[in-house]
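Quick heads-up: structures coming right below.
Common to both upcoming complexes is chain A, partnered first by chain B, then by chain C.
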Partner chain A sequence: MKNTDIQISICGSAGDGTIAAGDILKRALAKGGFKVIAFDVYPPEIRGFGKCISRVRVTTEQVYSLKHHSDVLVSLDDSHAIPHVGEVRDSGAVIYEDTPISGVLEGSHISAHISPGQIPYGLPVREISEKETSGNRSRNIVALGYLAGLIGMEPEIFHETIADKFRGKAIKITDMNVAAFDKGYALGQKTFKLDDVTVGKAKKSRNKDATITMMNGNAAVVQGCMDAHIKTFFGYPITPATTIMEKLATEMPKVGGRLLQTEDEISAIAATIGAGYAGSRCATATSGPGLALMAEMLGLGVVAELPSVIFVSQRGGPSTGLPTKTEQSDLNLAVYGRGGDGQIIVLAPTNVEGCYKCAGKAFEMAEQYQTPVIVLLDLYLSNRFETVELPKQSPFTKTSNKAAKKKDLEGGYKRYAFTKDLASPRALPGQENGMHTITGLEHNELGRPSDQPRMHEDMSAKRHNKLLAALSHHDITIEKRFGDEGDVDVGILGWGSNFGECLEAMFKAREEGIRCSAMKVVMLSPLPLGPINDFMDASGEVFVPELNYEGQFANLIQGATARSVHSYTRVPGSPMRVEDMLVEIRRLAKIKKAKKIGKTKKAKKKAA
Partner chain B sequence: MVQPKHHVIIGSGITGTQAAITLRERDPKSRITIITMSTLLFYNRYDLPDVFRGRTDWQSFLVYPPSFYEELNIKLRRGSRVVNVDSTRKEITLGHKETIRYDTLLVSSGGRGYLPEELVDFRSLMHNFATFEAAMNVKKILPENGKVIMLGGDMLGLDLARNLIQCGYTVTVITGEHTFWPHTVEGNERKTFMKALESMKVETFDGDKAEGIASIEEGKKGKPARKIIFKDDTVLEGDVVMPFFGLAPAVEFMIGSDADIERGLLVNPELRTTNEHIFAAGDVCQIWDKKDKSYKFFYGWKNVRAMGEVAAKNMTGDNTAFVTTQDEKLRLDKKGQINSPFWEYD
Partner chain C sequence: MGNISTKPVYLEDKLAEIKSDGKLEYRSKALPTWCPGCGYFSISEGVTSALNNLAIKPKDTVVVSGIGCSSRFPFFVNTYGFHTLHGRTLPVATGVKTANDDLTVIAVGGDGDGFAIGGGHLSHVARRNVNITYILFDNGIYGLTKGQTSPTSSLGFTTSTTPYENHDRPLNPLMMMLSFGSSWVGQGYAGDPGHLGEMIEQAIAHRGFSYLHILSPCVTFDKTDKTYGNLNMQVKPIPDDHDSSDLMAAIAMAQNVHKPPLGLYYKEDRPTLADGLDEITQQSGGGKNVVTAKAAE
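Here is the complex of A and B:
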């Protein structure tokens, strides 16, 4: 059986139903048992007539990133799709509207930009939509139907998915859209196929629970929160984190949780830390600009040793920056962005399943190590859909509070007692004999203000060292190595959403005979220095690709290990190109080879 | 700054493609655009019978790879239908409502299979063989060792017939005035060639004797897919019915363009139409013959390629007249089988 690996891009203007078509496509194929990775790009204006692109990669085997070249491009708006025609590979298909409503100037129609190697498929999308639905709002569904018919996908799964999509609306809406799909499908089936894009059979039989295994990073965060029994959420909307709050707002009340939209991010973090103080599992979600506002309150969380979870989905910056484009440029802010020595735990999942795990584990860590925990995503991961298998039983504790016991409360309760594991027993407000002071000032074990040098030394050490235990926290991947074992020519050190591209680049490099491995670092603070050093020892050249300008992760690694790495940074606002990374890997492999030859010559010379 | 000239060619067959190549040689800085309804790049129609020998990958039919067009900077507008030519504004309108300006225009849209009026109602029950897609469709529906009924004949049809027979199929040609089109064969000569067809195992049926076709119908279940009922009640059955009545020039989009049309676009020996910026070449045009004092069609691969070259030269300032070099005589080979110079190509 031939494995399926195709990528479909649908491009249109906001309001064309571009994202909706992509959504139906990916859900239908996930239902059909395929692995799916999908990522949508929205215009910075959020609403209006900006460009939207939905990219869906469909595979039989697990893959880790989108491809640079798509196999099919569906244009719902030529003015937006024309710049993306070049993304379609040779012998790939370009599907477009062949009967626009008004005249177009020379070169404004997409057919003018299709290269001789690509296959054009023009069809009367609007006419079909108008005939089937008395309007042109189903153009996206007609085009989707045509695509499905052309490349041989099962129509029934699409019917079900369309029905799911319009559930809750008048049945007529579903019927019209199914009819529009079928019309497009029939035309697609009838079309003489010249491209070589096909969908084979999925490996797995159809999974009836597939709807719950297809989600994006933000939805996985929400699922992680719910499975970790979150009780309180405060937030202020900001792209690309908003959907976390939106989804929690519908899910939390069902299980007695509370969610409040505050007036700004400062209130959100203050309330979150307050809820943590009160013993409630609590979180907030924001992006870079919001995290900047939260810096001061996070310092309070550190010094007062209070649990809180902050989900941060990065976007292009600084300031308002690129609200709808992805970037990994808030690493410094997450790791260092507090006054004083305000270290906290920072987790950066690398895929959608990781979002689920890190979300749930963040609550455990926040409580167990009494600290704010940042879970650092980015727009690419927040909006990227993947097929994931989530455990049926929650893998997270209901609480990880180190509660103050009776003996802790006797003879004057020390909220900040120095203990063996450095996490002090914590009494919750109202607990009998647990009265204590909470302050942003440096304090002694009782919590009372103290500016004694020794106390500041000890408390600083306590606040930092207690976090080291998180490096061996139960049942979470802190770091992981993939690819060739032992010594390698090139070691890729990656983090966050970009790690999928790192893996794909590594696989390609290995196919070319380069000894290569990749390590993902999930915990960015504190850093798992032991495994990182081991990895660097085994790597001839260490390659650190990331989506920011400054090389923030590379700098973090170099500062922490005092060893140099090859930093590779790009800020295109979109995922990094695997092909570009591969070029760099090849170059580094050559350097490694040259060094090896140099060493051998030197050794021979010495021996002579 | 002087803008480079925009040479637009309608049609991507041998004529249009040859014209584009010559234009690029003679005017390296110009813009060249080929507009074609086909979604495929230029392929040789003469090779299409090969689909019955298992050559079904369309890429193997391409005369030039995709990179050829990119290297020569020739823009291809595939899947595009020309609906109007406005010679006053020098603008072409495509089916998807895009307008394209030209400085010089070459119409080389070729001909499409002519279908006599009395058969138009049965079009949906017949199969053509004009494109790769159509050829593949016939291959798909034709059962192994199946029977093809060819209406008319013509040299395109007879070429297909001899190939089908070599591949184990049966072919019956309903003969008539178009059987040897575009050759003019009459009297005893015709009898000789009809006999030669038999020696080639092509079955023939004199349609005129049977008073012409009354109707074409779908065959009954378990029987061949088509049946032809003649006016004298004779019935012929076959799996596929294919019309071959010669070519009709594809010129409808030129109506109102200021270029004169009779059956094809009328051009002088330099292939210029009655509009000085519009040229025509290939099966679409009728060329003024000074000797005969009439407009004539010139068919055959050699002719239409030469016309593409001549037109391109004249579009770029030359004044060369087209002279045919095509042998037009139908002949018999040593084995007594029909051999048409129109079947020859490089």
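Here is the complex of A and C:
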């Protein structure tokens, strides 16, 4: 059986139902047992006339990124879709409105832009929509039905998904939309078929301990929080992190948790740290501008050694920047953004399942190592849908606080006692005989202010060294290598949401005969230097692609290892193009080959 | 108001009285770093005796402060204490209280900490009616940084940052806190520790957000304006016929900045932040609230 791998793009104007159609499509396919990866692009305005694109890639086996070329493009608005005709591959399909309500100027209709290799499918979308639903608001559903019929998907699952989508509204709405879908479907079935754009059968998973579901990164973060028994959350709305707070606002009260929308991000992190001090499992969520406001308070979290979890979803910056476009440019702020020596733990998941894992583990780490923990996502990962397998039993602890015991409290409790693992036992407010005052001032073991040079040396060392234990924290991927084993020509060192593209590029490079492997680094602070150095030893050339202008990760690696890498940076506001990365990988592979030849020539000379 | 400093006090008698009374349990072993004569001594005396009278255990009390002379307060009481950042006392206190309803949370700070850098948080903690007590030590100057102008410094006051006199109109903290929706607002004076102690006790006992404004001279950097000498002549008790449930009367009284009335301005019983959050839990169909963070055994 041939494996399915189809990517569909739906493009329209804000308000056309573009994102809604994409949503029904990916949910229906995931229900049908396919693996899905999907990402929407939308403008910062709610209505307006901005461009919306919903891209869905459907596969039999899980893939890691979207493809550069789509197999099918559906146009709901020609003026927006015309520039995207080029992204449809040769022999790919373009579905469009062929009966415009009035005449269109030459060149304004999409049919004039479809290239000879692409296959045009015109249908009277508006007319069908009006006939079936007495209005043109179901154009997106008609087009969706046509698409489903064309590529041979089962209609029943779509019916269910449409009913789910309109649940809570009048039954009539569902019925009308299903009718619109069926009309489109019938037409799609009747037309001639593309023999290589069809869906096969889906595979069934055999893992009994997991639930297969489709969700985006922010939803996975929420699921991680809930499975980790989060107790309190304080936040302030900011794109693209807002949906984390919105979902938690619904879910947390159901299990007795408390969520408060604060007056600003400073208040959000202050209350989070206050709750952590009182022993509550707590978190906040923000984006770059909010994280900048939180910097001072995170320094207090470091020096007072208190747990807090901060979910940061990056967007284009600096300042308000590109609020609805993706970028990886807050790495510096997350890793370094405190006054003084303020090292904390930074985790950057690379996929949706990783968002779930990092979210839950962040709470364990924050409590166990008594530190703020940043989980660094970006808009692409926050909003990217993937099919994931989540464990039915929560894999996270309920609490990882190191509690002060009776013997710790006898004869003057030392909140910052120098212990073997450097994380001192913590007395919580309400605990008998544990009274003490903590402070942002440098302090001695008792927590009293101290500016003795030796004390500042020792406490600085304590705060830094205790974090190293996180590199061997139980049951979480800190870094991982994929692809060819042993020595390779090109080693791709990647991080965050961009790692999916790194993997796709690596697989393609191997198909071309380049010895290649890729390593993802999930823990950005403290860095797993051992494995990174080993990987660099094994790689002829080290390639570090990332979505920021300055090469922030490349600089981090170069600074920490004192070895040079090939930094490759792009800031298009969208995911990196795999094809572009491949060009660079091929070039680097040639450098490696040239060096090899040079070496053998030298060796021959020596021998002679 | 009691009669100010007329009877002689004998050290032996005072020591015996203090030891028998139990409030020493609330004192930490650390010596206060304030200047001799600082108004803050009477405030720490007031807080410890109030907690003692209310029988709130040291282990169940958290004192949260910001940065400034007054914010050193937590080090000098034997409770749980959190000396946080400049201006962030109230949101941290909100977090502590939200995590554990069983704690008595007292936020302390100065006029600069609360009304300059921390000004953005005041209105929100008041409108949410977070069940904490906010004790504001107002000396009208930045003491810890050695005497700069503050948001409550008088017009014409000369400091190191206003060498040609202060031209910025001072804020009216009482009027602000009343209009923000504080459910308890009162004023005390460090020069009248007896009355101050009573006010602190009432403020802590109030269920909801209580704001106690304390006029407290800085004996080191203010020799001319808010001195004991001047304030002793200015302060007066709130008239007996003031109705503390009348918000407009309270706001009118707050206008009297030159003869500041001492006592309870306003008191209202209304749901707290925690009440609202518990209501949300019920509305969501959620079970019993399980949020209270438990101390380890």
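In the analysis below, the second predicted complex is superposed on the first by the 593 of 608 C-alpha atoms of A that agree within 3 Å, B and C clash if a C-alpha of one lies under 4 Å from a C-alpha of the other, contacts with A are read in each partner's own complex, and residues count from 1 in each chain.
Operating definition for what follows: a residue touches a chain if its C-beta (ideal position, glycine included) is under 8 Å from a C-beta of that chain, and two chains touch if they have at least 3 such contacts.
Here the structure is a predicted model, which means the values were calculated and not measured.
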Fit-or-clash call for chain B and chain C when the two complexes are aligned on chain A: fit
Chain B versus chain C as contact partner of A:Ile438, first or second or both or neither: second
First (chain B), second (chain C), both or neither touched by A:Cys225: neither
Touching partner for A:Ala404 - first (chain B), second (chain C), both, neither: second
Which superposed partner A:Glu106 touches (first chain B, second chain C, both, neither): first
Which of chain B and chain C A:Leu493 touches, first, second, both or neither: neither
After the two structures are overlaid on chain A, angle v-u-w for chain B, chain A, chain C in degrees (C-alpha centres, nearest 10): 140
Partner chain in contact with A:Val542 - chain B first, chain C second, else both or neither: neither
Contacts of A:Leu76 with chain B and chain C, given as first, second, both or neither: neither
Per-residue touch tally on chain A - higher for chain B or for chain C: C
Which of chain B and chain C A:Pro116 touches, first, second, both or neither: first
Gap in Å between nearest CA atoms once chain C and chain B share a frame through chain A: 51
Residues on chain C engaged by chain A in the complex (per definition of touch): 28, 30, 58-60, 62-64, 67, 74-75, 78-85, 88, 91-96, 98-100, 102-103, 120-121, 123-124, 273, 277, 280-281, 283-291, 293-297
Residue ranges of chain A in contact with chain B within the complex: 90, 97-100, 102-106, 108-109, 111-112, 114-117, 119-122, 192, 194
Complex contact set, residues of chain B against chain A: 39-41, 58, 66-70, 75-80, 93-101, 133, 136-137
Of all residues in chain A, those that touch chain C in their complex: 231-232, 234, 250, 253-258, 260, 262-264, 266-268, 270-280, 282, 296-297, 300, 304, 401, 403-405, 427-441, 448-449
